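All remarks here apply to the structure that follows.
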Amino acid sequence: MPETLIKVDLTQSAYDNDMVHNRWHPDIPMVAMVKPGADFIIETYDWTGGFIKNNDSADDVRDIDLSIVHFLSGPIGVEGAEPGDLLVVDLLDIGAKAESQWGFNGFFSKNNGGGFLTEHFPQAQKSIWDFEGMFTKSRHIPGVRFPGLIHPGLIGCLPDPKLLSTWNEREIAFVNTDPNRVPALGTVPFGPTAHMGRLTGEAKDKAAAEGARTVPPREHGGNCDIKDLSRGSKIYFPVYVPGAGLSMGDLHFSQGDGEITFCGAIEMAGWVHLKVDLIKGGMAKYGIKNPIFKPSPITPKYDDYLIFEGISVDEWGKQHYLDVHVAYRQACLNAIEYLKKFGYSGAQAYSILGTAPVQGHISGVVDIPNACATLWIPTKIFDFDINPGADGPTKFIDGSVQMPLSPDL
Amino acid sequence: MPETLIKVDLTQSAYDNDMVHNRWHPDIPMVAMVKPGADFIIETYDWTGGFIKNNDSADDVRDIDLSIVHFLSGPIGVEGAEPGDLLVVDLLDIGAKAESQWGFNGFFSKNNGGGFLTEHFPQAQKSIWDFEGMFTKSRHIPGVRFPGLIHPGLIGCLPDPKLLSTWNEREIAFVNTDPNRVPALGTVPFGPTAHMGRLTGEAKDKAAAEGARTVPPREHGGNCDIKDLSRGSKIYFPVYVPGAGLSMGDLHFSQGDGEITFCGAIEMAGWVHLKVDLIKGGMAKYGIKNPIFKPSPITPKYDDYLIFEGISVDEWGKQHYLDVHVAYRQACLNAIEYLKKFGYSGAQAYSILGTAPVQGHISGVVDIPNACATLWIPTKIFDFDINPGADGPTKFIDGSVQMPLSPDL
Amino acid sequence: MPETLIKVDLTQSAYDNDMVHNRWHPDIPMVAMVKPGADFIIETYDWTGGFIKNNDSADDVRDIDLSIVHFLSGPIGVEGAEPGDLLVVDLLDIGAKAESQWGFNGFFSKNNGGGFLTEHFPQAQKSIWDFEGMFTKSRHIPGVRFPGLIHPGLIGCLPDPKLLSTWNEREIAFVNTDPNRVPALGTVPFGPTAHMGRLTGEAKDKAAAEGARTVPPREHGGNCDIKDLSRGSKIYFPVYVPGAGLSMGDLHFSQGDGEITFCGAIEMAGWVHLKVDLIKGGMAKYGIKNPIFKPSPITPKYDDYLIFEGISVDEWGKQHYLDVHVAYRQACLNAIEYLKKFGYSGAQAYSILGTAPVQGHISGVVDIPNACATLWIPTKIFDFDINPGADGPTKFIDGSVQMPLSPDL
Amino acid sequence: MPETLIKVDLTQSAYDNDMVHNRWHPDIPMVAMVKPGADFIIETYDWTGGFIKNNDSADDVRDIDLSIVHFLSGPIGVEGAEPGDLLVVDLLDIGAKAESQWGFNGFFSKNNGGGFLTEHFPQAQKSIWDFEGMFTKSRHIPGVRFPGLIHPGLIGCLPDPKLLSTWNEREIAFVNTDPNRVPALGTVPFGPTAHMGRLTGEAKDKAAAEGARTVPPREHGGNCDIKDLSRGSKIYFPVYVPGAGLSMGDLHFSQGDGEITFCGAIEMAGWVHLKVDLIKGGMAKYGIKNPIFKPSPITPKYDDYLIFEGISVDEWGKQHYLDVHVAYRQACLNAIEYLKKFGYSGAQAYSILGTAPVQGHISGVVDIPNACATLWIPTKIFDFDINPGADGPTKFIDGSVQMPLSPDL
């Protein structure tokens, strides 16, 4: 077996593990060095460091302090990596920790993070998903079962000081355009809950005060939440600092395009078996700004989909200009209404869209003023037939099982 | 052979064919009636009615009067169809007219329609694509060849007066928020170039003055430009008027997600063999607002992709809030830069993204403030290997072939 | 449109068309010459030259004189082709003749050709399949509908005299080991019904007397009945005579692996749009004996199959040594028994296996003494669910529709 | 984690593990009982019980006593299972033992088992394959790497006395038709090396003397070596004895259709996570004789293949009658010749066909006298391009690496 370079103990606080960090900063020390061509294993906490529990209450989803996320394992240094290189990462395999064969999904309260459909689902809710080998199902959402498209929601290399400063300037200015918005427009550096890995003392305090939050995807990749960065894929990351400094976390057993439930996909603690290599000077050679990747040859594949359309007129009738976000929201709302006809609650339907390998396609972005987006639901994830027919839908789901909900206090 | 209900003569003006129309209005008379279960053939003009020619000049793209589009064939009435039903349409097959085995793609001038990347490609350009059976290639863009994912860019049923009025109010108000914008925010009713099918006299003038333009996708479907509504797919359309009134046109031999080049996909004149059926009361039974559909079992499929990421920070460094449109634009610009390393001009690379069956995925829409979108290029459409490697890219394309460009006058 | 080099008139006898032949012989004159890189269209009769009719009697299947088959269109000469080259053939598209949107499938009487399961289905039966665009269904076999995987059952280049003589020696000697067997062990040259294209007089008589029958696949390809040589595929044929001499026919709208019904797949008259090119000296360069090919990027694809196993113990309990033919027959018989539980007659089930795109896999050929073969049925071709469940099968098919049968006279 | 019902210690002889057996017999005692609906883990030895080592000599392949195989883990009893039921088995996941991340492939000497191409490769050879997460590659066969299609080569339920007796009568009589053949026609009961699980004393001796060997696939499934029974698939097994008695082993990391190398696929020790359920009376309800199954939704999938044809004329020119075994052998030999042009030795090419997920299709079985079989090689398993081109092949493999070979003593 390849060496496990970073281990995590799920009974221990992530803050006590110095091979973990929850901010991006060039000064975070490498916790291990590897050679190009090496393969090794990295263990990770779930993104909340174990805050969300395997139980039937959504209180933890409601009460979480989101400034603590995401707990990443790393950074790993690669010998010979220099700024301008491409770090080639093969995700050889990914899995849940043996002692933790479950994951969670939920919606944050609108007052604590919100989410894509927070106007419609403003309160904290949660579902727990049990893993059965390569498959998962939830005791809170009957009638649906699917194989995992396992992937890290978050992976990327350390920024250099210039890139970090670009991020901070850009995002702080943006948040300041509406600083009291709920949910917030963005996340800004916040020292008190920062975990800076092996940095200590003043160096830590300085870096904690300016370290970029891990929430948004950025030029380096980071929290892209791309379900197709799945085990078996190959990713080409831009390198900004000597040694590259690769970190990762936020593992998902499965996720729908958009990660629309925000808390989040099917979130889990686990391990990543990966291999690293370098393309020297690859950023300039290939004109790379953001990571590029190749999908895995071994993924859950479906041929039969039911597809929902949405256009950029919002649910209150307002016209937006070629806005794909609004269009996708409509496609999602249309799908939720449809699934309710089979007996699901709106929250259950929303959760299915957030967890199952549904696809979100950008279908038209030029036909002014409406963008068109489509949501693709694989029909085979259901125990029953969800296709339309002349007789109308059957209520296969009787409503006796519901998702835990915790009202705001 | 099934009956051809609508024929078009490509040597004749579309305005002279009374089974064609270019506006949406409930008063447009049905041109044929069919029974549920019937299958039949409909011929269509290309969306411009033949304005764009198979030649090596982009003058026609620059000079076109866009108020004439799109020339649709129909409406077809279905016996027994009533408001609230779903019209089930099987696209049994689609093809180019035998005498017209070619299509066009282009970018409009920023002053005449523009497009997704109009800031970067502000002038009229054109490429011609020749069909070789199920495949296509262009004399203006070497090194790329792919099978067609043939589909109608535009298909849907007539609106009722209430829906028409919703559209007009919504869009006129929106355009009026910035009436002098170039390109315009939207398209509003415009009588002089309206073709109202078999309506004549005062009835025609009235309807022409209020008929909705065909450009945006709307609740009824319409100009969705969804590449996956391809031959072999099955679509469920909302019905608003007695008889349904199904019209279609804007056939594409192939298109990338987003139809980002706007003028447009690979546009062609052709025919659609379709079959219609009804789900009585289906809109309420299934909670349908926009059309839903099932993809074709017989499409060009690829396993190997090179995937580009984009985030919602625009090309000038400005932060946008979870804006998928901006994120997809960055992914497209990233892909164009990459393809240029192999010798393509920016315009050629842009055209490939507009015409080949590239996928646009909505990858993350909750990680404030950045949305993440991905652009998937099937690697096998190229005659050469576009994957990254340690040696850097080879200039397979020598630049000797370029796309026609017509500067603004 | 590309030029149609060979036309066939379905109201005329195939014997009256001098661009058609039904034997393989090096002396058959080319009917047209093309340059490498050319694309063109070839029309073909169905393999019987129109003997089987679109009606509800199997008399024609019972009474056909099988020495007349297969009517091939060609040979086409390619300029510059020499023995030892590879002829590269792109099947750009294939379709049924516009005036003949149907095909047939059947079983021959055991006394007139028989078939794979002739012990179980010894009498002539027939089913007619109607085409609906890219799809087909049969009025004789309810509950099943699928898109066509359209392909030529028979395509290849002319043999040279040496290869012809190898064939004749090999096969005549083999037939002579049991000359009175019913069905016969093989087909031997037979002058009276030979159609030698443009050969006339003595030259024709000589060639007719020694021309190889078209039934078996051989080194040059020929009657391979490979369903995956479908439109969009690319084939590399060995060239034996100057000019190559490419002929083709026996078009199938669809076929299951093995073409087990023998009469045959869904047989049709139609056209092939193809393109030819050369790899000079390709046979030696690549060590080619039989044709090789690459599958089409655009085919009906399925993800969900029900798979039947068979081993090389025959239906009477007899042990055979690693015999894949016997194993596949058992898998087919197992599938037929299964489908009968849903209400199909054995003949209908057999026909489905012969016509639908079922796959036959060689699964194990070394575990002495049993070979193992598998038969893959795509579940989505049925209107109902054929998967096993705790409640047992439902008789969706009520038996009111049966296939025509014509007892031996 | 689910319970591990059977553990194997790779440092211990398989004969010392009483939850293992290497013959089929109804008297072998269940080693554990589970309820329908249960999921659990079973560990297994490799099929030889550890005889073949991870080294660079083929001596072990040459010297193995094949009467010891296959070491199976089980039998597992299922509460309530009765003869006539179907045992539904979900293969939830499968993997290699953590301490044994490698597998072997080889050819037996013609004098000790032989194989599919033993006339061409009569001596013992071996290759070792290292696993890298979901992928594998071999230090003995450069230029090829692919993800695992992990599956049990052997799985099935215990026979009842009548079925056992059918097997023995059938196979013993068959072997006796040519008892001195090398390789043998089959395998017959052989007490001395029998491992009968928890049977002891006289009962053991009696059962050992009549227990069926595990080599051939039979009515119950058994050693089917079907690569598509992979993790994620669902299998329906006939039940013959109360409790069903499910055993399994012979795990393969990957295998080509036919397992043509016989020793064998990529053979490994590992574990299976599975779930069992029952369809009461399912054999009669569905007319089941052999197992049926549904493939996994999550497998390595390829779109691009290079396909080789073979017909039933053998490599010495002899005609066989619709013999798919001979036809597939020709397709394999054709592929080996082709791959040699790129620099592989014949043995290396043969090994690739035995280990990589190549497909073997039964393409035509009715065109007398020739069967046609096809061998599908996924092109993407190679580091280089194996497609034919005008310039002929490049010798990417320089011959410096060869497979170990051990001549007969």
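Which chain is which? They are A, B, C and D, in the order written, and residues in each are numbered from 1.
One rule holds in what follows: contacts are C-beta pairs under 8 Å (C-beta built on N, C-alpha and C of every residue); 3 or more make two chains touch, one makes a residue touch a chain.
To keep track of the chains, here are their UniProt names: A, B, C, D = Acetamidase/formamidase family protein.
In this text, all values refer to a predicted model and were calculated from it rather than measured experimentally.
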Where subunit B and subunit C overlap in contact partners, by chain label: A, D
More contacts between chains, A-B or A-D: A-B
Chain separated most widely from subunit D, comparing mean CA positions: B
Matching chain pair for B-C (criterion: over half of the contact pairs shared, by residue number), options B-D, C-D or A-D: A-D
Euclidean distance of C-alpha centroids - subunit A vs subunit B, Å: 32
Inter-centroid spacing, subunit C versus subunit A (mean Cα positions, whole Å): 51
Length of the line joining the C-alpha centres of subunit A and subunit D, rounded to whole Å: 40
Subunit D: positions in contact with at least two other chains: 297, 301-304, 380
Contact footprint of subunit C on subunit D as seen in their complex: 86, 115-116, 166, 170-171, 173-175, 183-187, 215-219, 221, 223-228, 236, 257-262, 264, 279-282, 285-295, 297, 303-311, 313, 317, 319, 321-325, 328, 330-331, 334, 337-338, 340-341, 359-374, 376, 387-390, 392-393
Complex contact set, residues of subunit B against subunit C: 1, 39, 91-93, 98-99, 101, 132-135, 146-147, 231-232, 273, 275, 296-302, 380
Residues of subunit D defined as touching subunit B within the complex: 301-304, 380, 385
